[in-house]
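In the two complexes that follow, chain A is the common piece, with chain B as its partner first and chain C second.
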Partner chain A sequence: MNRLPVRQLSWGALGLAVLFILPRFLPEIRIHLMTEIFIFALFAVSFNLMFGYAGQLPFGLAALFGVGAYGTALVFNHFPGIPLLAALLIAALSGAVAAAFIGFFCVRLSGPYFSLSTLAFQMFLYAVALKWRSVTNGDDGMGVVRPDLHLPALGSISMRSIHNMYYLTLIVVTIGILACYLFLKTPLGNSVVTVREKEIRASFLGYNVFLIKLLAFSASGVLAGLAGGLFVLYEEFVATTSLDMNMAMTPVLMTVIGGSGHFLGPVLGAVFYLMLQDWISSLTSYWMLLMGGMFIVVVLYFQGGLISLLKLDWIWRLRNRGNR
Partner chain B sequence: MKTILGIEGLFKDFSGLEVLFDLNLEIYEGERHAIIGPNGSGKTTLFNIITGLYRPSRGKIFLFDKNITGWSSHRIARSGLSRSFQIINNFPKMTVYWNVRSAVVSRFNRRFNWTTILDWDKEIERECDRVIDLLSLSDVRDVPASELSYGKQRHLELALTIAREPILIMLDEPTAGLNSEETRNAVQLIRQLTEGKTLFMVEHDMDVVFNLADRITVLNYGRILATGAPDVIRMNEQVKKAYLGRK
Partner chain C sequence: MGERLRETVTGKGMLMGFPIEIYAIQMLHGLVYGMLLFLVASGLTLVFGMMGVLNLAHAAFYMVGAYFAYTITRYTGSFWWSLLICPLIVGALGILIERFLLRKTYKGGHLGQLLLTFGLFFIMGELIRLIWGTAPLSVPAPQILAGDVSVSGMTYPIYRLFILGFSLLVLLGMSLVLTRTRIGIIIRAAVSDPDMVGALGTNVPIVFMGVFGGGAALAAVAGVIATPFLTTYLGMGDAALLDCFVVIVVGGFGSLFGAFIASLMIGELQSFGILWIPRLALIFQFLLMAVVLIIRPTGLFGEKE
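And now, the complex of A and B:
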C-alpha cells in the first residue's frame, strides 16, 4: 500500500511514449482527431471527478468548459501579447472561480436538483453568450489567433503546426489528468469520497459537507476550464456551441459509456465517443442516434462501461464456471 | 463537579407535536450518564438536537461553557463531541480500515489537506491500526463494512465514534440487537473505551444501564421524571410506575 504503484506508472509511461511517437505515423487529419480526443478526455475526467467520486451528476459542467473557452478567447483578443501558458492558466482559474460561484448555490442541493440547477446556470451562460453581442459576438463566435509558445530553455515554438498543438495538448492534458489522479489520493480527495458515501456520518465525524462538495466542484472546474481553454486554442474559434445542450451531454455520454467506476473510464469513453463519431458521421448524419442507443445499452446491461470489459473479469468468471 | 454538557430549558416540537418539554440537564466531566425511558419519550430526538441534526424550538445547549445551540453537526463534532447511532451508520462500501481512516484523518485535521498522499501517511496508518486493534477488528481490517457481521458492525460504529478521541462520547443504544454474550462484551468494551472520558448514552437494556452508569436520567413523554444515581432511580416511585415497574 505504501509503495509507489510501479505497475501503473510503467503502463502510463509506456502509453505516453506511444502517444509521443504516434504523430510520425499518422496523417494530419488523424492528429487533429487525437488532439480533440485529449481535450475531451480531460473534460470527461473533470466530469467524473464530480460524478464518480463526489457522487453528484453535474449536468451543467459545460458551463465551466464554456467559461474557460470564452475566458481564453477574450483574453487573447483583448491582450494580444499574453503568453500562451498564461492564457491557459487563466482558463483554469476562471473555471475554478465560476465553479465556486455556481457551486455555492447548487452544491447544497443533491440528486436531480443539483444536476438541473447546474444545467440552469449553463443555459443562463448560453443565453449571455448568445445575446451579449458586443462582448461575445453572439452566435457568430470569436476567432482567435493561436500565439507562439515561448519557453525559457527551448525558445519560441510555433503553434501554427498541428503537430506542436498536439504535443502541447498532450502535455497539458497529461498534467491535468495526473493532477486529478493525485488529488484523489490526498486526504482532501478522501474527504470527497467519504462525503459521497454517507453525508450524515461524515458530518458527525467533523467533515463540512458543503465545503468539501464545493471544493470538489471547484477542482472539477479547474480541469473543465482548462479543457475549454485548450479547445479554443485548438479550434482557434469559440462560439455558443461550447455552452449548448450538446456540450452538456458530451461528458455525460463519454463517462457513462467509458465507465464511471474507474479513473480512466472517462478517457476511454472520450476515445471511443470521438472515434465513433468521426467514423459514423462520415456515413450518416444520424450518428447521435447510435450514441444514444449505446448509452441506453450501457446503462441497462453493463453499468461498468467499456472499461469493465477491459478488466476481463468476465473471462475469469466464465472459466471458473467451466471448472465447477 | 465541572459540567461538560449543559441543557437549559430545551423545547422541541415537530409541527405541533411536542417531543421535548422544558428539559434541564447537566452532564458532569468524567461521569457515565445514561438516559432511559419508554419508546417515543424523546431520547434520540434529544441526541439529535445536541449533535446539531435538529434545531431546538427553544432553549440552549452548552458544551464546555460554549453555547453550541444552532451549530452545525461538523462544528460540534470538531469541538470534542462524538456520537454513535442507534441504526448502523458506517460507510458500507468502504473497508473497515478506510472507515476508520476517514475518522482519523478528520481527527488530525487533515480533511482539507491536498498536498500529501494519504496512503503514504505512516502516522495516520499507525493510529488507524491502533483503533482497529482496540476494537478487535484486525481480522476484518480489509473487509467492506457492509459484509461484516452485525456484532462487528456495532464495533465499527464504536470505532468511528472514538477514533476522533472525543472528550464527550454519546452512544445511542450501543447494544441494540446484540445477544446477551455480545452485550456483556460490549459493556466491557464501552467501560474500557470511556475510561477517563465522559459518556452520555441512550440504552434500553436495564442490565447495561445499571452496570455502566454513574447517574441515570429518566425521560417520559419528553419530560424528565428523575435524575440521580442508579440506586436512587431504582427506588423512585414515579419511575417504577412509568418505566421500570412494567418489568
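And now, the complex of A and C:
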C-alpha cells in the first residue's frame, strides 16, 4: 500500500465536518432531501463499482437494492425489537447473498447479456414482490416503524427525529463509500480493473476471472442492499417501487450524468439528480424527460460527465477509466 | 382464470383436471401471443445479428405503435388506417434514431449502445406518459373481426384468429423477402459477416438503417394488432422488453429461426402456466431462461456469442 494520502483524507474530513454541522442551518425539508441524497449516493457508488471499475453494466442492480429494502422491512415486521444496526447488517448481507446468487448465473455472461440478465432477475423479483401478497403485501407495500438506536456508550437514541436519521445515514453511507474505496485499493480491487481491461490476459495470468467478477458483484450487492435498508428506514415504508423499472434507471442516470470515470462521479450525480428533481418536479412534470435528454447528451457527447467539469482529479487520484 | 374456464366448458374428456377443449383453446392463445412476440423480437434479432447492437428501445417501438394505433383509430374511425399508418411513422422514427443517434455509438462498444438505447426506451416511455396519460387505453376490434366463431362446441374470438393469420402472413412475407430477394440475401450475408459484405461493395450502413427501420415497423405492427386484445398501458413496454430478451436468450443471439421457436415456446409456457399455476405463471419463462443460460449460454439455435 502507498503512504497515507494526507491531502485526500483532509479534504474528506473537511467535507464530513461540513455535513455534520449543516443540519443546524437547514430547514427540516432540506434535511430530508440530504438524507435521501446520501442513500442514493451509496446506491450509485455501488453501481459504479460494477460499471466503472468492473466494466459491466448491471441494469438490474436495483434487484439488490430491493432485496435489501424488503429484507429490512421483513425483519422489522417479523422480529420486532431487533436492533437497528442488526437490521442494517441483514440488509447488507441479504444484498450480498442475492448478488452472489444472481451473479452466479449472470457474471459468466458479458456485455449486453450480463446487463439484461440482471434486469431479468430484477423483473422476476418485482413480479414476486407484486404477486406474493401474503409476504410482501403486493402493491400496497409494507409500513415499518423506525426503532430507536441503542449504542453501548451513548445509550438509547430516538430515531423519531429526522436529524438523528440524517446523522445515522451520513455515518453508515460514509463507512460504505469508504469501504468501497478501500476495497478498490486492495489487490482484489486491482484485479477487478485488470479483468475489465483484458479478460483473456487476466485469465492467462492465472486470475480466476469468474470468481473476481462474482466477488465484485457481491461487493456491489453489499452496498446496494445497505442502501435499500437505509431507504426503508428513511421512508418507513417499502413497496414494489423499490424494484421497478424506474429504480433500475435511477443509478444508471445518476452515475452516467455524474461521471463514471471518477470515484466520486456517482456521488455528484446523486446530488445533482435529486436536487434537480426537488427543484424542477414542483414546477413541471417534464423533469424525467429532461433527465433522460441530459443522459443521452452525456452518453453521446460528454462521457466524462459532470465531474469532469470540476477538474477534481487531483483530489482523488483514482482515475478508473484511463484514456479511453 | 382456470376456475372460470372449468365452469364454462363442459367437455367429455378430462386431462389433469381440465377438459381437453381447454387445452386446444390455451394452445391457440399461446400461439397467438407467441406470434405477436415474434413480430417484435424478429426486428431485434436481425439488428442484433447484423451490428451486434442490442436495441433496448425496440420494445418502446412496440409501445409507440400501440399508442399511435389508439389515436389514429380515434381520429380516422378505422382500425385499418392505423394498421397502415403506424408502421410507417414508427419505421421512420426508427430510421431517424439509427441515423442520428445510434450510429455515433458503434465505435464505442457495447456500453455506449446499451446506455443510449436504454435512455431512449426511458424517454419514449416518459413521452407517452405525458402525451397519453397513465390510464390504460383500449381500441375496439373492427366490426368484421368482432365476435366469436364456434367449432364443434368450442368458441374462439375471431380477432385472435385474425392476429394469428396476419402474423403468419407477415412471417411468410418476411421469409420470402429474406430468402428470395436480392436485398434479403444481402441482409443475411451482413448478419453473418458485415465486414466482408461491406468489402464486396455493399453500403452496409444504409442496409442496416433499412433493417433497423423495418424492425421498428414490425414492432409497431405488433403493437397495432395487439391493442384490441391486450389493453394499451404504460407497462407494456417493460413486459415486451423482458419477453423479447428471454426470446433472444433462449432462441440464440441473432438467430431468426431460434427467435421464432423461442417466441412460440414463451407463448405456450405463459398460456399453460396461467392455466395450471396462475400465481407462478411468470416464473416459468425465467426458469426456462436460467436453464438455457446454464446448459447452453449461446441459446438453443445460436452459434456465436
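One rule holds in what follows: the second predicted complex is superposed on the first by the 310 of 324 C-alpha atoms of A that agree within 3 Å, B and C clash if a C-alpha of one lies under 4 Å from a C-alpha of the other, contacts with A are read in each partner's own complex, and residues count from 1 in each chain.
Keep this in mind: a contact is a pair of C-beta atoms (placed from the backbone, for glycine too) under 8 Å apart; a residue touches a chain by one contact, two chains touch by 3 or more.
Just so we're clear, the structure is a prediction, and the values are computed from it rather than from any experiment.
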Is A:Pro112 contacted by the first partner chain B, the second partner chain C, both or neither? second
Answer with first, second, both or neither: which of chain B and chain C does A:Leu215 touch in the superposed model? first
Chain B versus chain C, judged by how many residues of chain A each one touches: C
Touch check for A:Gly189: first (chain B), second (chain C), both, or neither? first
Touching A:Gly206, do we find chain B (first), chain C (second), both, or neither? first
Does chain B (first) or chain C (second) touch A:Tyr286, or do both, or does neither? second
Once the structures are superposed on A, label A:Glu28 by its partner contacts, choosing first (chain B), second (chain C), both or neither. neither
Thinking of the overlay built on chain A, is A:Met123 touched by chain B (first), by chain C (second), by both, or by neither? second
Where does A:Asp140 make contact in the superposed view: on chain B (first), on chain C (second), on both, or on neither? neither
Doubly contacted chain A residues - partners chain C and chain B: none
Residue positions on chain A within touch of chain B in the complex are 1-2, 182-183, 185-191, 194, 197-198, 200-209, 211-212, 215
Can you check the complex and tell me which residues of chain C touch chain A? 54, 56, 101, 104-105, 110-116, 118-120, 122-123, 126-127, 130, 238, 242, 245-246, 249, 253, 279, 282-283, 286, 289-290, 293-294, 297
Under the definition above, what is the set of chain B residues touching chain A in their complex? 51, 53, 72-75, 77-78, 82-83, 85, 89-94, 101-103, 105-107, 110-122, 125, 160, 164
Residues on chain A engaged by chain C in the complex (per definition of touch): 51, 55, 57, 59, 105, 108-109, 111-113, 115-117, 119-121, 123-124, 127, 131, 245, 249, 252, 256, 285-286, 288-289, 292-293, 295-296, 299-300, 303
